[in-house]
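Okay, so chain A shows up in both of these, paired with chain B first and chain C after.
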Partner chain A sequence: MNKVLAVILGLLATPALAAEGERIIVTGEIIDTWCYYSGVMGGPDSVVGSAHHTCALWCSASGIPIGLLAEDGTVYTILKLGPQDNATGGDTALTLASHTITADGMSYSRDGINYIVVEKVVEDMGIVNLTHEDYDVIPPFAIPEPKE
Partner chain B sequence: MIRPIVLIMTFLALPACAEPPLPFDVGGTFALTDQNGHPRTQMDPDGLPQLLFFGYANCPGICTAALPLMGDIANKLAQTDIAIRPIMITVDPKRDTVENMAKPLAEHHSEFIGLTGDQTALSTAYRAFSIDHTLAYEDPEYGPVYTHGSMIYLMDAKGEVLTLIPPVMDAETATNIALRYLAPKT
Partner chain C sequence: MIRLAAAAFALFAAPLAAQDFSANSEAKTWNLYAEVPAKFDAKVVDVMCEITGDCPADCGAGDRQLGLLRSADNVLVMATKNNQPAFTGAVVDLLPYCNQDVTVDGLMINDEDFPINNVYLVQRIKAGDADWAKASQFTKVWATKNPDAKGKGPWFRRDPRINALIEKEGYLGLGLEIDKEFKEYLFE
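Showing the complex of A and B:
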């Protein structure tokens, strides 16, 4: 019974909602959250970094939310990225896809999801996660064949 | 021991009104036209909650995962006797017109509403939801591709945003989020 109670209390402790934001400075990689969460293109190690850069661009352009995968493994869904409001598909998101950055912004937790409103990209380290060395291009069809 | 568990489970079943306000400033008024040529605002005329996304009905090559997910959420909520209206506001009124939105949207859900309007009316909606509407790139095969929304907005019947649903989760998880806000009081 105690186990059941512990599980229930664990559910209650899940950050369902937190109305107040928290100012954070966090370092991590800009990722494509669809491929990261769905697993349809491969495991989480293969859908980040340089191997997944092209696919990340396509997903961003098609409206998939981008995320910030922090060094501690936390994924923040990005609501705003510096000057860009909806933080996907536009110049800022496409430029920073797969880049490791240090972001200064407000973090919120709601419905068990972590969000971040990035006020400023403090540092852009470029693409430093060179996963293509292990995985080549993930998925291989991300780079379209030129038309004859 | 049973009694505390019952109390805790009752708390877990607490409805939407227990949820604090959305901490993000998003949402607002708009006045657009649906795929049947009827005017529509942020308020649902039938008093239904709404799922809103900014994108394409006729997608240019790459199609969003949001519209099928919205259809799935609506179907799953219907199993719990909760009706919800899935709505898409176009980011490309040249591609999505009153005449051609109905068919592709109906493939996702029979009650899907597609909205368009003139540039002024659409810009009002984009601003309300902070949609950064710019040209992403020109696809040589499909034409212009615009940046669009990346979130599904769960709104009440008045058009107030209750929460966000990132379209990267499975339908069951997304439906459970919606139920936190829509489930009837017990």
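Showing the complex of A and C:
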């Protein structure tokens, strides 16, 4: 009985331990996860790329989690971006907002959320998702109207 | 033994089952398509620590994302947004409660088809016998950190880092020439 209890307690303790990671190299766009998931600004295709770049800057600067939207549609919540900078409102996160990058890092998954700890940005392709051609700018007030 | 095994199975199964945390929630709607009011007990945790085992004592002092380890089922909820309609995250609001047990009230977003799992907008926080605190501290903290950015308009129009990037790369991030042409089209 004691052995059974020990096994059960051991298994119950498992979620408190660190998840097992997998090293991946993945290419995708750095997105603002709140607008992407919540639909607050519109559908997911409209809150990525150049149309949403200014809003992505705002959200990143305030510490809203950024994500890496991979080419297969998987979103990885970025916990660290590069060896010296954090992913929560950090300068690197801000500079790379809306950029498509290739990242080398460790991926993890827990409770339905994918995470990535980016050790190195292998390539920065800049902003290549030209969504302003379809959506203008999201939200519409992101670019202030010129004063008369 | 069978009862013990059944109890263990039930405990494991709990995180997998959709649980309703809307009872007694006073969360205000944001009219988001998949929002559900959710009030629950949780521990405020450093997500990087929970995931990788890299655990500074101060939850990263604001440099790391914070999550809510829900007491009822040990699910790690991502605290993505605070309660201000101003493009503001939740780290500033949760950091004072690093590694503390709290009760939170807000909106949960789950959508199995998207998929979206355990994304949370925190509206208020309560620790122990203290009163509820509104999760609306970002702009106050930002103002303290940016005393030279005083002026009219919301914080995101005055933030020096944001403005420097827009000045350099434009609102679309594609360079000033493309920005100029786009603005001419947009405001013609």
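Convention: the second predicted complex is superposed on the first by the 120 of 148 C-alpha atoms of A that agree within 3 Å, B and C clash if a C-alpha of one lies under 4 Å from a C-alpha of the other, contacts with A are read in each partner's own complex, and residues count from 1 in each chain.
Note that in this section a residue touches a chain if its C-beta (ideal position, glycine included) is under 8 Å from a C-beta of that chain, and two chains touch if they have at least 3 such contacts.
Owing to the predicted nature of the structure, the values given are computational and were not obtained by experimental measurement.
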Partner chain in contact with A:Ser50 - chain B first, chain C second, else both or neither: second
First (chain B), second (chain C), both or neither touched by A:Val137: second
Touching partner for A:Thr88 - first (chain B), second (chain C), both, neither: both
Most chain A residues touched (candidates chain B, chain C): C
Partner chain in contact with A:Glu20 - chain B first, chain C second, else both or neither: first
Which superposed partner A:Ile127 touches (first chain B, second chain C, both, neither): second
Contacts of A:Gly42 with chain B and chain C, given as first, second, both or neither: neither
Common ground on chain A, meaning residues reached by chain C in one complex and by chain B in the other: 1, 4-5, 8, 11-12, 16-19, 21, 33-34, 37-38, 58, 61-65, 77, 79-80, 86-91, 94, 108, 110-111, 113, 115, 117
Of chain B, residues touching chain A in the complex: 1, 4-5, 8-9, 11-12, 19-24, 55, 59, 62-66, 129-132, 134, 136-137, 145-151, 163-164, 166-169, 177, 180
In the complex, chain C residues that touch chain A: 1, 4-5, 8, 11-12, 15, 30, 32-35, 47-48, 50-53, 60, 62-65, 74-78, 80-81, 86-92, 109, 114-119, 121, 138, 142, 156-157, 159, 161-162, 165-166, 171-174, 182-183, 186-187
Contacting residues of chain A [partner chain C, same complex]: 1, 4-5, 8, 11-12, 15-19, 21, 33-34, 37-40, 50-51, 53-55, 57-59, 61-65, 77, 79-80, 86-91, 94-95, 97-99, 106, 108, 110-113, 115, 117, 127, 130, 132, 136-137, 142-146
Chain A - residues contacting chain B, complex: 1, 4-5, 8-9, 11-12, 16-21, 33-34, 36-38, 58, 61-66, 77, 79-80, 84-91, 94, 108, 110-111, 113, 115, 117
